[in-house]
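In what comes next, subunit A is part of two complexes: it sits with subunit B in the first one and with subunit C in the second one.
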Partner chain A sequence: MRFDTVIIGGGLAGLICGIHLSKRGQRCAIISSGQSALHFSSGSLDLLGTLPNSEEVESPVQALTALAEQAPNHPYARFDAERFVTLANKGAELLREAGIDVIGSAEKNHYRLTPTGAMKPTWLTFGGYVHSASPEELEWKSVALFNAEGFLDFYPQFLADEMRRKGTKCNVHTFNLPELEILRQNPTEMRSANIARIFDNEATLNELANQIASRIGDEQAVLLPAFMGINSQGNLKYLMHKLNRPVAVVATLPPSVPGLQVQTLLRRYFQELGGTYMLGDTAQGYQATQDKISALYTRNHGDIALKADNYVLATGSFFSGGLVATNTEVYEPLFKVDVCYDSEREKWYDRDLFQAQGYEEFGIATTPTFNAQRAGQPIENLYAVGAALAGFNAVKQGCGAGVSILTAIEVAEQILSKM
Partner chain B sequence: MMTEHSEFNFEQCIKCTVCTVYCPVAAVNPLFPGPKQAGPDGERLRLKDKGFFDESLKMCLNCKRCEVACPSNVRIGDIIQAARIKHSRKGPGLRERLLANTDFIGSMATPFAPLVNMTVGLKPVKMVMDKVVGIDHHRTFPRYAFGTFEGWLKRKRKKQSKFARQISYFHGCYVNYNNPQLGKDFVKVMNALGIGVQLLEKEKCCGVPLISNGLIDKARRQGEHNTALLRQSIIENNRPVVGTSTTCTFTLRDEYPHLLSIDNADIRDKIDLATRYIYRILESGEVQLHFKKNAPQRRVAYHTACHMEKLGWAYYSIALLKMIPSVELTILDSQCCGIAGTYGFKKENYPTAQAIGDTLFRKIEASGCDVVSTDCETCKWQIEMSTSKPVVHPISLLAEALE
Partner chain C sequence: MTREVDVIIIGGGATGAGVARDCALRGIKSLLIERGDIATGATGRNHGLLHSGARYAVTDRESAEECIKENMILRRIASHCVEQTDGLFISLPEDGLEFQAKFIDSCRAAGIRADAIDPKEALLLEPSANPEMIGAVRVPDGAVDPFRLTTANLIDAKLNGAEVLTYHKVEDFIRNQNRIEGVVVRDMHTNELKELRAQIVVNAGGIWGHDLAAKAGVTVKMLPAKGSLLIFGHRVNNVVINRCRKPADADILVPGDTISLIGTTSSKVPFNEVDNMYVTADEVDLLLREGTKLAPSLAHTRILRAYAGVRPLVASDDDPSGRSVSRGIVLLDHATRDGLEGFITITGGKLMTYRLMAEWTTDLICKKLNIKKKCKTAELKLPGSRQKEERLSKRLHTIPTAQRESVINRHGDMVERVNMGDAAHRSLVCECEEVTVGEVKYALNELDVRNLVDLRRRTRVGMGTCQGELCACRAAGIMAEAGKYCSQRAKQDLADFLNERWKGMAPVAWGDTLRESQFTTWLYDGICGLKNEKKI
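After this line comes the complex of A and B, so read on.
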């Protein structure tokens, strides 16, 4: 099989990289070992929320200099402010082209509401989610929060308490529908994605609208868990129209319905652009000639190699198997490229769970152009992007999605510049 | 207390529930516990006490889409099927035996094909099958051919052995008894590539309907028989084995070792699917296919069958279809059509099967295609019974386009 670029990993970074390359006429293949971390999405994409010294970030672009000083190995430290903004805007543009409605900018963070009611700084939020310009208050002074009866992956009372602290009165309700009665026959599997499907049916959505209408008073807005349909678009608009006020959603525990919709839209856009997406396959071996990768072998394709001019590792971190940790070392399992990690094992983690964990910053060591390397020698046509990279703590710094998107576009442009 | 050992990697499950999101049954039938609970969660409990086995596991289609979606490479589908094999107390009845013994029924039916086809198509017969046997009356059995594919190819033996390069063809029950034309088309394409086609010594059904209908001992016996034939062809005669059916091919390669404990590691890589085998030859550049000029354009929509998705080989069928100058190709989103072999024929499964396939049927109708193409025979039955479009195997489309 012959491609221009083969990308290993089909999550946010791999798809953005593949989309950018395909738009410029490259023939790309993405190999994905199962579904991606987008299925655990919060409903927002973070760019940079907190500096390593714990200072909260208002403007990611303005915090860039301080970040580079405090974390010189951070992937962002390779970008100047102009490049940073260009890449971020390009990322938002690609998402919108794929049909994903996002709001926000790299110049100024806004705030997303977490499932437990906290406000966290973020970059882009998917359409329909509760968000606010300020961490201190919501847009509304009173809201009605509706949860599905028996849905356990959502905590209305936490949300109501936290909102009250921010000066918003929150009345909590539960709703019931005949379709939910059916789902409840299997209470442990009453998950967001299964509930979301019932709202693909317009009659069910209409019944929900009627129930809410009969129970709300003069609250300024209606809030619901983020499970308002899987294949249907515009359900929130329909409810807003019927209820004559803003209707917004709050993230649930996984699986994330908007996350899986984003995954589907990105994959579809990539395929429409001519890309080949191979799900459920795992890269297992390769051939190299001198300092270049010449062929890749996967579990499903066996002896039929995937050949390309360039290869991109978008394999993610420990969870997805992009990095593997043993008791003594951390390694990248496919190409055995150089990985940055601390040789003293005590520094891998902190016993206080809520502190920054050392292992979070472990990852693939790359050149300034994101080429992977072996024994310090760059591999000319092998790049690494996203969560597999070293030098950042996605959880503490709130920068995981941003690193994935910005490095994916940067690498795509590196590849295109060689043509 | 001794805890039993599981041969499966259920401990790799981190309970992320992604499998349940992509389970076609869980999406339409809440009575099915879903792959996570039926698979790795349940396995942990069943090891402690087999009383935790639940007959609802038979609602699993064995489509393996949970395994394709799993980020942790857990063999969820295998866990569920193995649990059914190990623990199910409900033995197969008349219906299960009727549906599972495709080989025996086929060999009885083909000599009397016109009579059999007419009889099973009669409304009163369908009602009896529905009420007495439990085979849904909406279903039409695939027509039997008058004369088997094996009989036809045996008559061509001389011509086929003249080719320098040889393969063995695992035709499966469907080609042999119902659609010999697909086998003939396969022979035409292989001959055009300079390859002769041989039968295996005495092929038996791959066993997939036996496995899904609980006739495990028989499935294992047939699996062992077939594996011996495959070994003879691949190792002794140096002839790779090629199949046109995704499910047969998948079963010979993966279900034998995973579910029937038949070791085939020495020959697995030489058991191939027709479109992949042909792709490999064409990619090497040693042979080229010559297509008819000015053949009428056909709009084709390709449907990826579940076991094709699991094999990960849709790429090859799509690549071959794209080579045909007269084909205008649309690729349908990969999803289950709902029939899953004999599953959708059972009365109690009919509504689930149709609900699963519903969005696919709509997309097919909306696609504006002339024909649907897929590598799976039971998807063909389901799509033909549920849409207005005919379904043709990629190999038949290829054969038709050749000069």
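After this line comes the complex of A and C, so read on.
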């Protein structure tokens, strides 16, 4: 099989890279094992929330110089402010083209409300999620918060208490529906994605609207866990119309229903643009000549080689299998390209789980143009993007999605510029 | 605030709990004080091996005899805490077979069944054992759950009139001339000081008994010996595997519930480390290296976590240098030894002999209080072990099998106190260990649970392969809902729980264990924005 570019990894970085290339006429294939970090989405995409020195970031663009000083190996350190904004805006544009409703800008962070009631700076938030321009207050002075009875992956009291501290009165309610009774019969079924499915049925959604309507008073808005339908769009609009006030959602414990939806929309858009998405497949081997990759082999395709001019590693970090740690080393399992890590195991960790962990910054070492290397020698047609890259802490710096999107587009443009 | 009881027991390990039960069964009013949660010292930080005594047969006949006697008693009185797995002592080529003959003779002399079997037969019995073995001996080893055992002793003690105060630390002793008349304790949650009085105070503080004795004005010289262990992600073996040689490091592999445990290392540590021990990379490497000799598949089995306990080794009274160490039970009547009335120290020994230690202690208490009642703890079964599992299982036939077996396994006949009547109570909090909402609520209501880590010790929430990823948050919600604490404290408790898990994971955080903790970080730090306000 012959492609222009083969991308290994079907998460946010792989899909964005594939979409950008396909739009410019490339024949692309994405090899995806299935799950990606999008399945654990917070409902927002972060660009840069905190500097390594713990200073909170108001404007990602303006913080770029300080970031490059504090973390010279950060992937962003390769972009100047202009390039950074161009890439970020391009990313937001691609998401919107794929049908994903997002708000926010690279010039100024806004804040997302987390499931424990904290406010975290972020870049783009999916439509319908509670968010605010300020970390100190919410848009409404009073809200009604509804949870499904017996749904343990969302604890409303955390939110209610924190909202009260921010001056928003929050009345907590639970609702029950006949469809939930059925789920409850199996002790493991009361999870977000299963509950979301019942709201694909309009009658159920309508019953929920009626229940909420009978319980609320003059609260300015209604909040729900983010499980309002999986194959259906516009459920929140329907509720807003019925309840005659804003209806918004807050993230639950995984799986993230909106994350699953975003992944589906991106994949669909990639396929509409002519891309080949190999779901449930895994890259297993390759052929190389001197300094180039010439073919790739996957589990499902056996000895049928996938040949391309360029290859992109968008395989994620440890969790996704893009990096593997043993008790003596950290390596990239497919091509065994160079990886930056500390050889002393005790330096990988901090004793406090909530401090920056050394291992988070381990990753694939690349050239300024994101080419992967072996023994310090660049591989001309192999690139790395996203969470697999070295030099940043996605959680502590609040930059995971941003690194994925910006490096994916940057690499796509590198590839296009060679044509 | 002053209260008076017959006996105050300091220490909520197996020994303290055993003394509380023994006293209660003999009609003596006791109050047990524990500065943290129950079973947090050496009790909860060992192999969970139900020794047959074979390990000590060659080197320490007295301990071996005590072990096999208590082994048989625990099988009877604590059946829901015990797994009758049997054990193998395998000889590897590097060990030779010389030790084996002596080993078998010594076992038999101590009253321990010990049958030499063909290595091929041993492999059929335990397929994970090293196939290179040149000899094997089968002995009646088993597994015992120390948390369950301690809990069951305390449930029975309380049912018979004892009181238990967890999270209360002894700050001082109330002393009147040459007599201890009570203790001053600090409530660790409210910081309030309370005076508690009793005719006798028992020091069952394990390694912390060293400092307690000093506070009371007497010297009990102890030597803290650190022992590290590794927990593997699944049950590699069903039979305990030991090395047939003189006791050494990392030569016991014990199955327990859903996991297997290898241990231990052994090293002296200073007293200032005993409250917060970390397992080092060297210890992990040693445990792995030796462990794979017992069961080669350990080399590619996921390690869930590492932890360490402190054995309270007691220096013999006649050796002030502390070099000569007694490994047996040490019962000190400070009245005869130091001229201090009303104070007893019980230490040394091991988890296996906790009941015997309690019996000796209570005998001494009875003598002092002039009470003539016989010990009944060897005959009376513990709560949880009073009904056959098959019968319980039949009664709960409507509960899904995995849940039913897990909850019966954990609580025995106390399962009747667990509400699983409706779907909401059968909903799972912890999927790895099949812990339901009903079981969590039972533990919160009846088993002295103050935080998520306590809850884990009672129910296994967060002990499975995910190490508390989602279940921790769910359980924190249920605890806050039950009024155990406010949502603010629930969040710090959640952070504490995750850090407690991380402490065990960090020494072995590579492979899947690293993946899991990366996910935990994404989830709690990233998505939830949870913060830890405590310094680690």
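Here is the rule we go by: the second predicted complex is superposed on the first by the 419 of 419 C-alpha atoms of A that agree within 3 Å, B and C clash if a C-alpha of one lies under 4 Å from a C-alpha of the other, contacts with A are read in each partner's own complex, and residues count from 1 in each chain.
In this section, contacts are C-beta pairs under 8 Å (C-beta built on N, C-alpha and C of every residue); 3 or more make two chains touch, one makes a residue touch a chain.
Since this is a predicted model, take the numbers as computed values, not measurements.
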I'd like to know which partner A:Gln185 touches here: subunit B for first, subunit C for second, both or neither. both
Given the touch rule stated above, what does A:Asn235 touch, subunit B (first), subunit C (second), both, or neither? neither
Touching A:Arg351 in the superposition: subunit B (first), subunit C (second), both, neither? second
Contact-wise, after the overlay, does A:Lys120 reach subunit B, subunit C, both or neither (first, second, both, neither)? second
Thinking of the overlay built on chain A, is A:Gly280 touched by subunit B (first), by subunit C (second), by both, or by neither? first
Pick one for A:Phe40: touches subunit B only (first), subunit C only (second), both, or neither. both
Partner chain(s) touched by A:Asn194 [first = subunit B, second = subunit C, both, neither]: first
Between subunit B and subunit C, whom does A:Thr326 touch in the aligned arrangement: first, second, both, or neither? second
Would you mind checking which one, subunit B or subunit C, touches more residues on subunit A? C
After superposition on the shared chain, which partner residues are touched by A:Gln397: those of subunit B (first), subunit C (second), both, or neither? neither
Subunit A residues touched by both subunit B and subunit C? 37, 40, 185, 188, 254, 319
Contact residues on subunit A for subunit B in the complex? 1, 33-37, 39-40, 182-183, 185-186, 188-189, 191, 193-194, 197, 231, 254-255, 260, 268, 271, 276, 278-282, 298-304, 319-320
Listed in rising order, the residues of subunit C that touch subunit A in the complex are 278, 280-281, 284-285, 288, 400, 403, 423-424, 426-429, 431, 436-437, 470, 473-474, 476-478, 480-481, 486-488, 490-491, 495, 498-499, 502-503, 506, 508-511, 514-515, 517-523, 525-532, 535-536
Within the complex, subunit A is touched by subunit B residues 14, 16-18, 20-22, 26-27, 30-34, 36-37, 67-73, 269, 276, 279-280, 283, 309-313, 315, 331, 333, 359
Provide the residue numbers of subunit A that touch subunit C in the complex, in ascending order. 37, 40-42, 114-116, 118-120, 149-150, 152-153, 155, 157-158, 160-161, 181, 184-185, 187-188, 190, 251, 253-254, 317-319, 321, 324-327, 345-346, 348-349, 351-355, 357, 359-360, 394-396, 398, 400
